[in-house]
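Shared chain: chain A. Partners: chain B in the first complex, chain C in the second.
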Partner chain A sequence: MATETTPSSAPAKVKRVAIVLATGSYQREAPTTVLRLVEKLLQRGVDVNVWAFEEAVTLTNKDQIDHNEPGSLQKVLGEKHPNIGRFIDQMIRAGLHGAKLDWVSCILCVQERGVEKHQMGGSIVGTLGDLWKFVKAADRVICIPTYR
Partner chain B sequence: MANKVLVVFEKPIYLSFEPVDPHVFATALGVSDTPVEVNVLLRDSAVTYGVKNQQVNVKIAGQDIMLHETSPEKVMTFMIEHGAKIRAVSEDMKMRGINKEDLVQGIEVISEDDSVRLLEEHDSFMVW
Partner chain C sequence: MARYLIVDSRDLTEYTNGRYIQKVAGKLKEDGNDVTLFLIENGVIAARKGGDIAKNLTDLSKRGAKVLVDDISCKARGVAQLADGISQSNVDQLADLITEGSDKVIWY
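What follows is the complex of A and B.
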(Lines of atoms letter the chains of each structure in order from A and count residues from 1; the text may use other names and numbers.)
(Lines give C-alpha, C1' and ligand atoms only; values in the text may rest on other atoms or scores of the structure.)
Protein backbone atom coordinates (compact mmCIF):
# COMPACT_ATOMS: atom_id res chain seq x y z
CA MET A 1 0.00 0.00 0.00
CA ALA A 2 1.40 3.32 -1.02
CA THR A 3 1.99 5.82 1.74
CA GLU A 4 0.95 9.34 1.02
CA THR A 5 3.66 11.79 1.83
CA THR A 6 3.55 15.52 2.07
CA PRO A 7 6.58 17.67 1.51
CA SER A 8 7.94 18.87 4.79
CA SER A 9 8.16 22.58 5.21
CA ALA A 10 9.45 24.41 8.22
CA PRO A 11 6.80 26.66 9.77
CA ALA A 12 7.27 30.31 9.06
CA LYS A 13 8.93 32.16 11.92
CA VAL A 14 6.38 34.00 14.00
CA LYS A 15 7.31 37.65 14.22
CA ARG A 16 4.17 39.25 15.54
CA VAL A 17 1.47 37.96 17.88
CA ALA A 18 -1.85 39.61 18.68
CA ILE A 19 -3.54 38.80 21.98
CA VAL A 20 -7.18 39.68 22.53
CA LEU A 21 -7.93 39.75 26.25
CA ALA A 22 -11.27 40.35 27.94
CA THR A 23 -10.85 39.43 31.61
CA GLY A 24 -9.97 41.53 34.62
CA SER A 25 -7.09 40.78 36.92
CA TYR A 26 -8.69 39.69 40.17
CA GLN A 27 -11.25 37.25 38.83
CA ARG A 28 -9.16 34.58 37.22
CA GLU A 29 -5.66 33.73 36.15
CA ALA A 30 -5.89 34.69 32.47
CA PRO A 31 -4.07 38.06 32.78
CA THR A 32 -1.29 36.38 34.74
CA THR A 33 -0.95 33.79 31.99
CA VAL A 34 -0.97 36.49 29.31
CA LEU A 35 1.85 38.39 31.02
CA ARG A 36 3.92 35.24 31.37
CA LEU A 37 3.36 34.53 27.69
CA VAL A 38 4.16 38.13 26.69
CA GLU A 39 7.43 38.01 28.59
CA LYS A 40 8.52 34.83 26.82
CA LEU A 41 7.51 36.16 23.40
CA LEU A 42 9.41 39.42 23.91
CA GLN A 43 12.47 37.45 25.00
CA ARG A 44 12.25 35.53 21.73
CA GLY A 45 12.14 38.77 19.77
CA VAL A 46 8.47 38.50 18.89
CA ASP A 47 6.46 41.73 18.76
CA VAL A 48 3.26 41.55 20.77
CA ASN A 49 0.08 43.58 20.41
CA VAL A 50 -2.45 43.24 23.21
CA TRP A 51 -6.00 44.38 22.61
CA ALA A 52 -7.75 44.74 25.96
CA PHE A 53 -11.49 45.10 26.13
CA GLU A 54 -14.37 44.55 28.56
CA GLU A 55 -12.98 44.12 32.11
CA ALA A 56 -9.41 43.85 30.83
CA VAL A 57 -9.28 47.64 30.42
CA THR A 58 -9.03 47.92 34.20
CA LEU A 59 -5.68 46.10 34.12
CA THR A 60 -3.96 49.34 33.07
CA ASN A 61 -5.67 51.56 35.63
CA LYS A 62 -2.79 53.68 36.94
CA ASP A 63 -4.45 54.23 40.31
CA GLN A 64 -4.11 50.66 41.54
CA ILE A 65 -2.42 50.35 44.91
CA ASP A 66 -0.82 47.53 46.86
CA HIS A 67 -3.42 47.34 49.59
CA ASN A 68 -3.02 45.67 52.97
CA GLU A 69 -4.59 42.30 53.64
CA PRO A 70 -7.04 41.89 56.54
CA GLY A 71 -5.17 41.61 59.81
CA SER A 72 -6.62 38.23 60.72
CA LEU A 73 -5.37 36.72 57.46
CA GLN A 74 -1.94 38.32 57.25
CA LYS A 75 -0.23 35.22 58.64
CA VAL A 76 -1.68 33.27 55.74
CA LEU A 77 -1.72 35.81 52.91
CA GLY A 78 1.07 38.18 53.83
CA GLU A 79 0.78 41.89 54.53
CA LYS A 80 -0.10 42.89 50.99
CA HIS A 81 0.05 41.81 47.39
CA PRO A 82 1.16 43.68 44.26
CA ASN A 83 -1.13 45.05 41.58
CA ILE A 84 -1.08 43.90 38.00
CA GLY A 85 -0.51 47.39 36.55
CA ARG A 86 3.04 47.33 37.88
CA PHE A 87 3.83 44.23 35.84
CA ILE A 88 2.21 45.50 32.64
CA ASP A 89 4.23 48.70 32.96
CA GLN A 90 7.41 46.62 33.23
CA MET A 91 6.48 44.57 30.18
CA ILE A 92 5.85 47.69 28.10
CA ARG A 93 9.16 49.21 29.21
CA ALA A 94 10.99 45.94 28.55
CA GLY A 95 9.69 46.14 25.01
CA LEU A 96 11.37 49.49 24.46
CA HIS A 97 14.75 47.81 24.18
CA GLY A 98 13.97 44.77 22.10
CA ALA A 99 10.83 43.31 20.72
CA LYS A 100 7.95 45.71 21.15
CA LEU A 101 4.76 45.46 23.19
CA ASP A 102 1.77 47.63 22.35
CA TRP A 103 -1.08 47.52 24.85
CA VAL A 104 -4.31 49.08 23.61
CA SER A 105 -7.46 49.46 25.70
CA CYS A 106 -10.84 49.74 23.96
CA ILE A 107 -12.15 53.31 24.11
CA LEU A 108 -15.78 52.26 24.56
CA CYS A 109 -14.89 49.91 27.41
CA VAL A 110 -12.75 52.45 29.30
CA GLN A 111 -15.51 55.04 28.99
CA GLU A 112 -18.18 52.63 30.21
CA ARG A 113 -16.08 51.81 33.26
CA GLY A 114 -14.95 55.36 33.97
CA VAL A 115 -11.26 54.56 33.64
CA GLU A 116 -10.48 56.54 30.48
CA LYS A 117 -8.67 59.23 32.47
CA HIS A 118 -6.97 56.65 34.65
CA GLN A 119 -5.01 54.74 32.01
CA MET A 120 -1.34 54.49 32.86
CA GLY A 121 1.44 55.82 30.68
CA GLY A 122 2.48 53.38 28.01
CA SER A 123 -0.97 51.98 27.41
CA ILE A 124 -2.99 53.39 24.53
CA VAL A 125 -6.71 54.03 24.34
CA GLY A 126 -7.77 52.85 20.90
CA THR A 127 -10.63 51.76 18.71
CA LEU A 128 -11.77 48.64 16.94
CA GLY A 129 -9.65 49.90 14.06
CA ASP A 130 -6.57 49.09 16.14
CA LEU A 131 -7.92 45.61 16.79
CA TRP A 132 -8.39 45.09 13.07
CA LYS A 133 -4.82 46.26 12.37
CA PHE A 134 -3.43 43.99 15.09
CA VAL A 135 -5.25 40.96 13.71
CA LYS A 136 -4.36 41.76 10.12
CA ALA A 137 -0.67 42.18 10.94
CA ALA A 138 -0.36 39.17 13.23
CA ASP A 139 1.20 35.82 12.39
CA ARG A 140 -0.77 34.34 15.27
CA VAL A 141 -3.86 35.57 17.14
CA ILE A 142 -4.70 34.39 20.64
CA CYS A 143 -8.15 35.26 21.97
CA ILE A 144 -8.94 34.87 25.66
CA PRO A 145 -12.62 35.55 26.33
CA THR A 146 -14.46 36.36 29.51
CA TYR A 147 -15.92 32.96 30.33
CA ARG A 148 -15.32 31.36 33.69
CA MET B 1 -30.70 34.25 59.93
CA ALA B 2 -28.14 31.86 58.52
CA ASN B 3 -25.98 30.35 61.25
CA LYS B 4 -24.49 27.47 59.34
CA VAL B 5 -23.27 28.12 55.82
CA LEU B 6 -21.99 25.63 53.27
CA VAL B 7 -19.55 27.09 50.74
CA VAL B 8 -19.33 25.02 47.57
CA PHE B 9 -16.35 25.37 45.25
CA GLU B 10 -16.75 23.95 41.77
CA LYS B 11 -13.91 25.55 39.81
CA PRO B 12 -10.30 26.17 40.70
CA ILE B 13 -8.58 29.47 40.00
CA TYR B 14 -4.86 29.88 40.37
CA LEU B 15 -2.40 32.73 40.02
CA SER B 16 -4.74 35.61 39.66
CA PHE B 17 -3.31 38.73 41.24
CA GLU B 18 -5.16 37.95 44.41
CA PRO B 19 -3.18 35.71 46.75
CA VAL B 20 -4.85 32.41 45.89
CA ASP B 21 -8.40 32.40 44.68
CA PRO B 22 -10.37 35.41 45.95
CA HIS B 23 -13.22 33.06 46.79
CA VAL B 24 -11.04 30.98 49.06
CA PHE B 25 -9.79 34.24 50.50
CA ALA B 26 -13.35 35.42 51.14
CA THR B 27 -14.30 32.12 52.73
CA ALA B 28 -11.26 32.17 55.00
CA LEU B 29 -12.19 35.67 56.06
CA GLY B 30 -15.69 34.45 56.90
CA VAL B 31 -14.26 31.68 59.03
CA SER B 32 -11.96 33.97 60.96
CA ASP B 33 -14.01 37.14 61.37
CA THR B 34 -17.64 36.11 61.85
CA PRO B 35 -19.53 33.95 64.36
CA VAL B 36 -21.22 32.07 61.50
CA GLU B 37 -20.25 28.42 61.12
CA VAL B 38 -18.72 28.07 57.66
CA ASN B 39 -18.02 24.72 56.05
CA VAL B 40 -16.63 23.91 52.62
CA LEU B 41 -17.46 21.35 49.95
CA LEU B 42 -14.91 20.82 47.18
CA ARG B 43 -16.49 19.25 44.13
CA ASP B 44 -15.85 18.98 40.38
CA SER B 45 -12.53 20.59 39.39
CA ALA B 46 -12.29 22.42 42.71
CA VAL B 47 -11.15 19.21 44.43
CA THR B 48 -7.68 20.28 43.28
CA TYR B 49 -7.78 22.97 45.96
CA GLY B 50 -7.38 20.22 48.52
CA VAL B 51 -4.11 18.86 47.16
CA LYS B 52 -1.15 19.50 49.45
CA ASN B 53 2.36 20.70 48.58
CA GLN B 54 1.31 22.94 45.69
CA GLN B 55 3.85 25.58 44.70
CA VAL B 56 2.20 28.72 43.38
CA ASN B 57 5.14 31.07 43.11
CA VAL B 58 5.50 32.67 39.70
CA LYS B 59 7.81 35.42 38.55
CA ILE B 60 7.02 38.03 35.92
CA ALA B 61 9.78 40.41 34.89
CA GLY B 62 11.89 38.84 37.63
CA GLN B 63 9.44 39.68 40.40
CA ASP B 64 7.20 37.38 42.38
CA ILE B 65 3.56 38.12 41.73
CA MET B 66 2.84 36.89 45.25
CA LEU B 67 4.98 38.64 47.79
CA HIS B 68 4.04 36.09 50.44
CA GLU B 69 4.25 32.33 50.06
CA THR B 70 0.58 31.61 49.59
CA SER B 71 -0.95 28.35 48.50
CA PRO B 72 -4.40 26.79 48.66
CA GLU B 73 -3.01 24.43 51.30
CA LYS B 74 -2.24 27.31 53.63
CA VAL B 75 -5.74 28.72 53.31
CA MET B 76 -7.37 25.31 53.64
CA THR B 77 -5.32 24.61 56.77
CA PHE B 78 -6.21 28.03 58.14
CA MET B 79 -9.92 27.32 57.68
CA ILE B 80 -9.66 23.90 59.33
CA GLU B 81 -7.76 25.39 62.28
CA HIS B 82 -10.54 27.94 62.66
CA GLY B 83 -13.24 25.30 62.91
CA ALA B 84 -14.36 24.77 59.34
CA LYS B 85 -15.06 21.29 58.05
CA ILE B 86 -13.78 20.77 54.53
CA ARG B 87 -15.01 17.87 52.43
CA ALA B 88 -14.00 16.69 48.97
CA VAL B 89 -16.11 14.49 46.70
CA SER B 90 -14.44 11.15 46.09
CA GLU B 91 -15.85 10.58 42.59
CA ASP B 92 -14.48 13.93 41.40
CA MET B 93 -11.11 13.14 42.96
CA LYS B 94 -10.95 9.74 41.31
CA MET B 95 -11.65 11.23 37.86
CA ARG B 96 -8.67 13.55 38.34
CA GLY B 97 -6.29 10.97 39.75
CA ILE B 98 -6.27 12.47 43.22
CA ASN B 99 -5.96 10.08 46.14
CA LYS B 100 -6.92 10.66 49.75
CA GLU B 101 -3.26 10.75 50.78
CA ASP B 102 -2.71 13.62 48.33
CA LEU B 103 -5.02 15.87 50.33
CA VAL B 104 -4.24 18.41 53.00
CA GLN B 105 -4.55 16.87 56.43
CA GLY B 106 -8.01 17.33 57.87
CA ILE B 107 -9.99 17.28 54.63
CA GLU B 108 -12.67 14.62 54.74
CA VAL B 109 -13.44 12.56 51.64
CA ILE B 110 -17.13 11.90 51.08
CA SER B 111 -19.17 10.34 48.31
CA GLU B 112 -21.38 12.20 45.87
CA ASP B 113 -24.41 10.70 47.58
CA ASP B 114 -23.19 11.74 50.99
CA SER B 115 -22.70 15.31 49.85
CA VAL B 116 -26.47 15.61 49.57
CA ARG B 117 -26.63 15.22 53.35
CA LEU B 118 -24.85 18.55 53.67
CA LEU B 119 -27.85 20.26 52.10
CA GLU B 120 -29.93 19.14 55.06
CA GLU B 121 -27.35 20.10 57.65
CA HIS B 122 -26.80 23.69 56.49
CA ASP B 123 -29.28 26.52 56.31
CA SER B 124 -27.56 28.64 53.68
CA PHE B 125 -25.33 28.00 50.67
CA MET B 126 -22.78 29.88 48.64
CA VAL B 127 -21.66 28.36 45.33
CA TRP B 128 -18.56 29.77 43.68
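What follows is the complex of A and C.
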Protein backbone atom coordinates (compact mmCIF):
# COMPACT_ATOMS: atom_id res chain seq x y z
CA MET A 1 0.00 0.00 0.00
CA ALA A 2 1.35 3.35 -0.99
CA THR A 3 2.11 5.75 1.81
CA GLU A 4 0.01 8.85 1.70
CA THR A 5 2.16 11.87 1.16
CA THR A 6 1.69 15.07 3.07
CA PRO A 7 0.99 18.02 0.81
CA SER A 8 3.99 20.29 0.60
CA SER A 9 3.77 23.26 2.91
CA ALA A 10 6.47 25.03 0.97
CA PRO A 11 5.28 28.41 -0.35
CA ALA A 12 4.81 28.77 -4.07
CA LYS A 13 7.86 30.06 -5.87
CA VAL A 14 7.81 33.81 -6.32
CA LYS A 15 6.72 34.75 -9.82
CA ARG A 16 6.33 38.50 -9.61
CA VAL A 17 8.29 41.09 -7.66
CA ALA A 18 7.40 44.77 -7.27
CA ILE A 19 10.18 47.23 -6.48
CA VAL A 20 9.51 50.78 -5.31
CA LEU A 21 12.40 53.14 -5.97
CA ALA A 22 12.77 56.86 -5.28
CA THR A 23 16.51 57.44 -5.77
CA GLY A 24 17.67 59.25 -8.89
CA SER A 25 20.69 59.16 -11.16
CA TYR A 26 24.05 59.83 -9.51
CA GLN A 27 22.52 60.33 -6.07
CA ARG A 28 23.27 57.04 -4.38
CA GLU A 29 24.02 53.43 -5.16
CA ALA A 30 20.43 52.22 -4.91
CA PRO A 31 19.58 52.35 -8.65
CA THR A 32 22.69 50.29 -9.47
CA THR A 33 21.77 47.74 -6.81
CA VAL A 34 18.21 47.57 -8.13
CA LEU A 35 19.47 46.95 -11.66
CA ARG A 36 21.87 44.24 -10.44
CA LEU A 37 18.97 42.56 -8.63
CA VAL A 38 16.46 42.98 -11.48
CA GLU A 39 18.88 41.28 -13.87
CA LYS A 40 19.15 38.25 -11.55
CA LEU A 41 15.38 38.09 -11.02
CA LEU A 42 14.71 38.21 -14.77
CA GLN A 43 17.25 35.42 -15.28
CA ARG A 44 15.17 33.32 -12.87
CA GLY A 45 12.03 33.90 -14.93
CA VAL A 46 10.56 36.31 -12.38
CA ASP A 47 8.54 39.24 -13.75
CA VAL A 48 9.59 42.53 -12.19
CA ASN A 49 7.55 45.72 -11.89
CA VAL A 50 9.48 48.82 -10.90
CA TRP A 51 7.60 51.83 -9.64
CA ALA A 52 9.90 54.85 -9.92
CA PHE A 53 8.94 58.08 -8.24
CA GLU A 54 10.50 61.27 -6.90
CA GLU A 55 14.06 61.57 -8.30
CA ALA A 56 13.99 58.00 -9.67
CA VAL A 57 12.00 59.29 -12.65
CA THR A 58 15.22 60.83 -13.96
CA LEU A 59 16.71 57.35 -14.43
CA THR A 60 14.68 56.88 -17.62
CA ASN A 61 15.43 60.31 -19.09
CA LYS A 62 16.32 59.43 -22.70
CA ASP A 63 18.35 62.60 -23.14
CA GLN A 64 21.09 61.55 -20.74
CA ILE A 65 24.44 61.40 -22.50
CA ASP A 66 27.53 59.33 -21.92
CA HIS A 67 30.22 61.56 -20.51
CA ASN A 68 33.97 61.22 -20.47
CA GLU A 69 35.61 59.75 -17.42
CA PRO A 70 38.38 61.86 -15.87
CA GLY A 71 41.67 61.11 -17.58
CA SER A 72 43.19 59.61 -14.47
CA LEU A 73 40.36 57.06 -14.20
CA GLN A 74 40.10 56.07 -17.86
CA LYS A 75 42.58 53.23 -17.47
CA VAL A 76 40.34 51.75 -14.78
CA LEU A 77 36.84 52.64 -15.92
CA GLY A 78 37.26 53.08 -19.67
CA GLU A 79 36.89 56.25 -21.68
CA LYS A 80 33.13 56.76 -21.41
CA HIS A 81 30.81 56.64 -18.42
CA PRO A 82 27.58 55.09 -19.72
CA ASN A 83 24.26 56.45 -18.45
CA ILE A 84 21.96 54.31 -16.33
CA GLY A 85 19.01 54.67 -18.73
CA ARG A 86 20.86 52.55 -21.25
CA PHE A 87 20.98 49.60 -18.82
CA ILE A 88 17.29 49.98 -17.97
CA ASP A 89 16.45 50.08 -21.68
CA GLN A 90 18.44 46.88 -22.30
CA MET A 91 16.64 45.04 -19.52
CA ILE A 92 13.19 46.18 -20.65
CA ARG A 93 14.04 44.93 -24.16
CA ALA A 94 15.33 41.62 -22.75
CA GLY A 95 11.77 41.01 -21.61
CA LEU A 96 10.69 40.54 -25.22
CA HIS A 97 12.22 37.08 -25.02
CA GLY A 98 12.02 36.18 -21.35
CA ALA A 99 10.67 37.39 -18.05
CA LYS A 100 9.24 40.86 -18.32
CA LEU A 101 10.34 44.12 -16.73
CA ASP A 102 7.78 46.91 -16.52
CA TRP A 103 9.23 50.26 -15.51
CA VAL A 104 6.66 52.89 -14.57
CA SER A 105 7.55 56.49 -13.73
CA CYS A 106 5.15 58.51 -11.59
CA ILE A 107 3.27 61.08 -13.70
CA LEU A 108 3.32 63.83 -11.07
CA CYS A 109 7.05 63.34 -10.46
CA VAL A 110 7.97 63.52 -14.16
CA GLN A 111 5.86 66.63 -14.60
CA GLU A 112 7.35 68.34 -11.56
CA ARG A 113 10.85 67.68 -12.87
CA GLY A 114 10.13 68.55 -16.51
CA VAL A 115 11.07 65.11 -17.82
CA GLU A 116 7.66 63.88 -18.97
CA LYS A 117 8.50 64.43 -22.64
CA HIS A 118 11.98 63.01 -22.17
CA GLN A 119 11.07 59.52 -20.98
CA MET A 120 12.68 56.81 -23.06
CA GLY A 121 10.58 54.36 -25.05
CA GLY A 122 9.84 51.25 -23.04
CA SER A 123 9.29 53.05 -19.78
CA ILE A 124 5.72 54.00 -18.98
CA VAL A 125 4.43 57.15 -17.33
CA GLY A 126 1.81 55.97 -14.87
CA THR A 127 -0.23 56.80 -11.83
CA LEU A 128 -0.54 55.59 -8.26
CA GLY A 129 -3.19 53.23 -9.63
CA ASP A 130 -0.37 51.35 -11.36
CA LEU A 131 1.54 51.17 -8.10
CA TRP A 132 -1.52 49.74 -6.39
CA LYS A 133 -1.90 47.10 -9.11
CA PHE A 134 1.80 46.23 -8.90
CA VAL A 135 1.57 45.77 -5.14
CA LYS A 136 -1.67 43.78 -5.40
CA ALA A 137 -0.23 41.43 -8.02
CA ALA A 138 3.21 40.95 -6.46
CA ASP A 139 4.40 37.94 -4.51
CA ARG A 140 7.07 40.18 -2.96
CA VAL A 141 7.15 43.96 -2.59
CA ILE A 142 10.53 45.56 -2.00
CA CYS A 143 10.57 49.21 -1.00
CA ILE A 144 14.03 50.73 -1.33
CA PRO A 145 14.45 53.46 1.28
CA THR A 146 15.47 56.95 0.33
CA TYR A 147 17.99 58.39 2.73
CA ARG A 148 17.26 61.84 4.08
CA MET B 1 7.60 30.58 12.16
CA ALA B 2 8.31 32.79 9.18
CA ARG B 3 11.42 33.30 7.12
CA TYR B 4 12.53 36.93 7.28
CA LEU B 5 15.01 38.47 4.87
CA ILE B 6 16.31 41.83 6.09
CA VAL B 7 18.43 43.69 3.56
CA ASP B 8 20.51 46.52 4.94
CA SER B 9 21.94 48.93 2.40
CA ARG B 10 22.87 51.72 4.86
CA ASP B 11 25.93 52.07 6.98
CA LEU B 12 24.66 50.94 10.37
CA THR B 13 26.75 53.61 12.09
CA GLU B 14 25.42 56.44 9.92
CA TYR B 15 21.92 56.45 11.37
CA THR B 16 20.96 55.76 14.96
CA ASN B 17 18.14 53.53 13.83
CA GLY B 18 20.86 51.20 12.51
CA ARG B 19 20.71 49.82 16.05
CA TYR B 20 16.98 49.35 15.67
CA ILE B 21 17.25 47.05 12.65
CA GLN B 22 19.76 44.86 14.50
CA LYS B 23 17.35 44.66 17.42
CA VAL B 24 14.51 43.76 15.08
CA ALA B 25 16.61 40.96 13.57
CA GLY B 26 17.55 39.67 17.03
CA LYS B 27 13.98 39.81 18.33
CA LEU B 28 12.59 38.04 15.27
CA LYS B 29 15.15 35.27 15.78
CA GLU B 30 14.36 35.10 19.48
CA ASP B 31 10.70 34.59 18.61
CA GLY B 32 11.62 31.49 16.62
CA ASN B 33 11.73 32.88 13.11
CA ASP B 34 14.30 32.09 10.44
CA VAL B 35 16.25 35.35 9.95
CA THR B 36 18.74 36.34 7.27
CA LEU B 37 20.44 39.73 7.45
CA PHE B 38 21.91 40.58 4.05
CA LEU B 39 24.33 43.54 4.01
CA ILE B 40 24.83 45.39 0.74
CA GLU B 41 26.19 48.81 -0.38
CA ASN B 42 27.36 50.74 2.70
CA GLY B 43 25.76 48.08 4.89
CA VAL B 44 28.85 45.90 4.46
CA ILE B 45 31.04 48.41 6.32
CA ALA B 46 29.66 47.09 9.61
CA ALA B 47 30.86 43.56 8.77
CA ARG B 48 34.54 44.53 8.80
CA LYS B 49 36.48 42.52 11.34
CA GLY B 50 37.36 44.46 14.47
CA GLY B 51 34.50 46.95 14.38
CA ASP B 52 32.12 47.44 17.30
CA ILE B 53 28.99 46.70 15.30
CA ALA B 54 30.71 43.65 13.81
CA LYS B 55 30.68 42.17 17.32
CA ASN B 56 26.90 42.62 17.44
CA LEU B 57 26.60 40.90 14.06
CA THR B 58 28.77 38.02 15.26
CA ASP B 59 26.53 37.75 18.30
CA LEU B 60 23.46 37.75 16.03
CA SER B 61 24.92 34.87 14.03
CA LYS B 62 25.66 32.95 17.25
CA ARG B 63 21.99 33.28 18.09
CA GLY B 64 21.15 31.52 14.83
CA ALA B 65 20.59 34.30 12.31
CA LYS B 66 22.42 34.19 9.00
CA VAL B 67 24.50 37.28 8.30
CA LEU B 68 25.60 37.64 4.67
CA VAL B 69 27.49 40.35 2.78
CA ASP B 70 27.47 41.25 -0.91
CA ASP B 71 30.87 40.51 -2.46
CA ILE B 72 30.92 43.44 -4.91
CA SER B 73 30.01 45.94 -2.18
CA CYS B 74 32.87 44.57 -0.04
CA LYS B 75 35.37 44.80 -2.90
CA ALA B 76 34.30 48.36 -3.70
CA ARG B 77 34.96 49.39 -0.09
CA GLY B 78 38.08 47.35 0.54
CA VAL B 79 36.38 45.17 3.13
CA ALA B 80 38.56 42.08 2.92
CA GLN B 81 38.27 40.56 6.38
CA LEU B 82 34.85 39.75 7.76
CA ALA B 83 33.99 39.35 11.42
CA ASP B 84 33.29 35.85 12.71
CA GLY B 85 29.92 34.42 11.77
CA ILE B 86 29.53 36.61 8.69
CA SER B 87 29.65 34.93 5.29
CA GLN B 88 30.40 36.35 1.88
CA SER B 89 27.50 36.19 -0.54
CA ASN B 90 26.37 37.85 -3.79
CA VAL B 91 23.34 39.22 -5.62
CA ASP B 92 22.63 35.77 -7.08
CA GLN B 93 22.04 34.45 -3.58
CA LEU B 94 20.01 37.56 -2.73
CA ALA B 95 17.73 36.84 -5.71
CA ASP B 96 17.38 33.22 -4.53
CA LEU B 97 16.52 34.38 -1.03
CA ILE B 98 13.87 36.76 -2.36
CA THR B 99 12.31 34.23 -4.70
CA GLU B 100 12.56 31.02 -2.68
CA GLY B 101 14.21 31.55 0.67
CA SER B 102 11.96 34.02 2.45
CA ASP B 103 8.37 34.79 3.32
CA LYS B 104 8.90 38.46 4.13
CA VAL B 105 11.45 40.93 2.78
CA ILE B 106 12.39 44.11 4.64
CA TRP B 107 14.81 46.50 2.91
CA TYR B 108 16.37 48.96 5.33
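Basically, the second predicted complex is superposed on the first by the 128 of 148 C-alpha atoms of A that agree within 3 Å, B and C clash if a C-alpha of one lies under 4 Å from a C-alpha of the other, contacts with A are read in each partner's own complex, and residues count from 1 in each chain.
Assume contacts are C-beta pairs under 8 Å (C-beta built on N, C-alpha and C of every residue); 3 or more make two chains touch, one makes a residue touch a chain.
Computed from a predicted structure; not experimentally measured.
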{"item": "Touching partner for A:Arg44 - first (chain B), second (chain C), both, neither", "value": "second"}
{"item": "Contacts of A:His81 with chain B and chain C, given as first, second, both or neither", "value": "first"}
{"item": "Contacts of A:Pro70 with chain B and chain C, given as first, second, both or neither", "value": "first"}
{"item": "First (chain B), second (chain C), both or neither touched by A:Arg140", "value": "second"}
{"item": "Touching partner for A:Ala94 - first (chain B), second (chain C), both, neither", "value": "first"}
{"item": "Partner chain in contact with A:Val17 - chain B first, chain C second, else both or neither", "value": "second"}
{"item": "Which partner reaches more residues of chain A (counting touched residues only), chain B or chain C", "value": "B"}
{"item": "Chain B versus chain C as contact partner of A:Thr33, first or second or both or neither", "value": "both"}
{"item": "Touched partner set for A:Glu116, first chain B, second chain C, both or neither", "value": "neither"}
{"item": "Residues of chain A at both interfaces, chain B in one complex, chain C in the other", "value": "28-29, 33, 36"}
{"item": "List of chain A residues in touch with chain B within their complex", "value": "25-29, 31-33, 35-36, 39, 69-70, 72-73, 75-84, 87, 90-91, 94, 148"}
{"item": "In the complex, chain A residues that touch chain C", "value": "11, 13-14, 17, 28-30, 33, 36-37, 40-41, 43-44, 46, 140-145, 147"}
{"item": "Chain A-facing residues of chain C, complex", "value": "7, 9-10, 15, 40-42, 72, 91-92, 94-96, 98-100, 102-103, 105, 107-108"}
{"item": "Complex interface listing, chain B residues touching chain A", "value": "11, 13-20, 22, 25, 28-29, 32-33, 58, 60-61, 63, 65-70, 74-75, 78"}
